[in-house]
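Following: one structure in structure tokens, then a few remarks.
Labels run A, B, C, D, E and F following the written order; every chain starts at residue 1.
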């Protein structure tokens, strides 16, 4: 009975505010299937929670994502 | 000094957008009391954080919650 | 389908290395029941994960738990 | 730059104490590839953290996993 | 390659709805620098995710933050 | 009342099995002080939890940390 938490930046998608519902469905289906295939985990008791995080709340390299990308 | 994180789908409640403030108060009081009763944890240093998750961001059985319920 | 994560310090219990299996059962039963009572969540799809954390890995007041208690 | 946290019960695998290193590699590769395929996320900045949880620390249906399975 | 998750209440800041983007930048820079200084972790692979939590979703002392403060 | 979760790989330190207790104290003091300085958060109600993760349980670039480093 796995629990998977996926955190991503809130961006992209059909209107620039994050992945579409269809993309989220594909993520949920894909990670559930992966756990079934690799570890024989039962999909019926696999939870997946996707969390979308504002760009200014995500840091990498000591910078917010926006500043990080501006310097790449 | 426990830390408890409760993730629930954002639904129900007085206006359909999630539990009422009163329900959240009851959850916080209840889980804090439980940790005090079972493990003698000090309520003064017990943190509870409730996170509400959009239905399309929660997956079970390889499906989003909405699709999962539609098939039940 | 709630997901609850309970983090506690690894201490106490029958041999000083953390809560007994029976105490953990009581925590799991109690929090699942609370979510059913307050929010009508289905126990069958309520997950509870307990994590035990070494005292030197937990900080409060800018100190590890051990140092914090020594100064109380 | 996604962050994925996978929590599973510590069981199974070559010696009954959890998935093999090879299975973990497959999980890491699989979920990283999924995020690349579905959301075009850069694998170089995708983190995956697997956490293995003792059976007595995981609850479902108001019971520890062991009690839950015994009643199925 | 550390991953740091900072949860704070959503309050304060320039318009009372949480820390400014500049404050978040300072948090990200500060914690990344701390991990570099103390543990020699590479900033390039240090992730920091800040999560802001509504006051009614955060409990301490068995009360929501608002009720807790009202009683202090 | 912030809650900070720091996940790092379990390595290095005095005996190669992770940071020393003193390093953990410095992390706890440093991040608590940072939150006090930047956001005026009260150290008395700031929690820091450090989690150490086995190298084979941490993935980046679609590889476990060990494989990732071997290819750098």
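Note that a contact is a pair of C-beta atoms (placed from the backbone, for glycine too) under 8 Å apart; a residue touches a chain by one contact, two chains touch by 3 or more.
All of these numbers come straight from a predicted model, not from anything done at the bench.
The set of chains touching chain C and also touching chain F is given as B, D. Against reference pair C-D, the listed pairs B-F, C-F or A-D yield one interface repeat, C-F (criterion: more than half of contact pairs the same by residue number). In the contact between chain A and chain D, the residue numbers used by both copies make up over half of all numbers at that interface. Of the two chain pairs considered here, B-F and B-E, the higher C-beta contact count falls to B-E. Compared with chain C, the chain whose C-alpha mean position is the greatest distance off is A. Chain A and chain C have centres, each the mean of its CA atoms, that are 27 Å apart. Inter-chain spacing, taken between the CA centroids of chain D and chain F, is 21 Å.
Taking each chain's centre as the mean of its C-alpha atoms, chain E lies 15 Å from chain F. Counting partners per residue, chain B has 1, 3, 7, 27, 31, 45, 47, 49, 58, 60 as the residues that reach two or more other chains. Across the whole structure, chains are in contact as follows: A-B, A-C, A-D, A-E, B-C, B-E, B-F, C-D, C-F, D-E, D-F, E-F. Contacts from chain B toward chain C in the complex involve residues 1-9, 12, 19, 23, 26-27, 30-31, 34-35, 37-41, 45, 58, 60, 65. Of all residues in chain A, those touching chain C in their complex are 1, 3, 47, 49. Note for the complex: chain E touches chain B at residues 7, 53, 56-64, 67.
For chain C in complex with chain D, the residues that touch the partner chain are 21, 24-25, 27-29, 31-33, 43-52.
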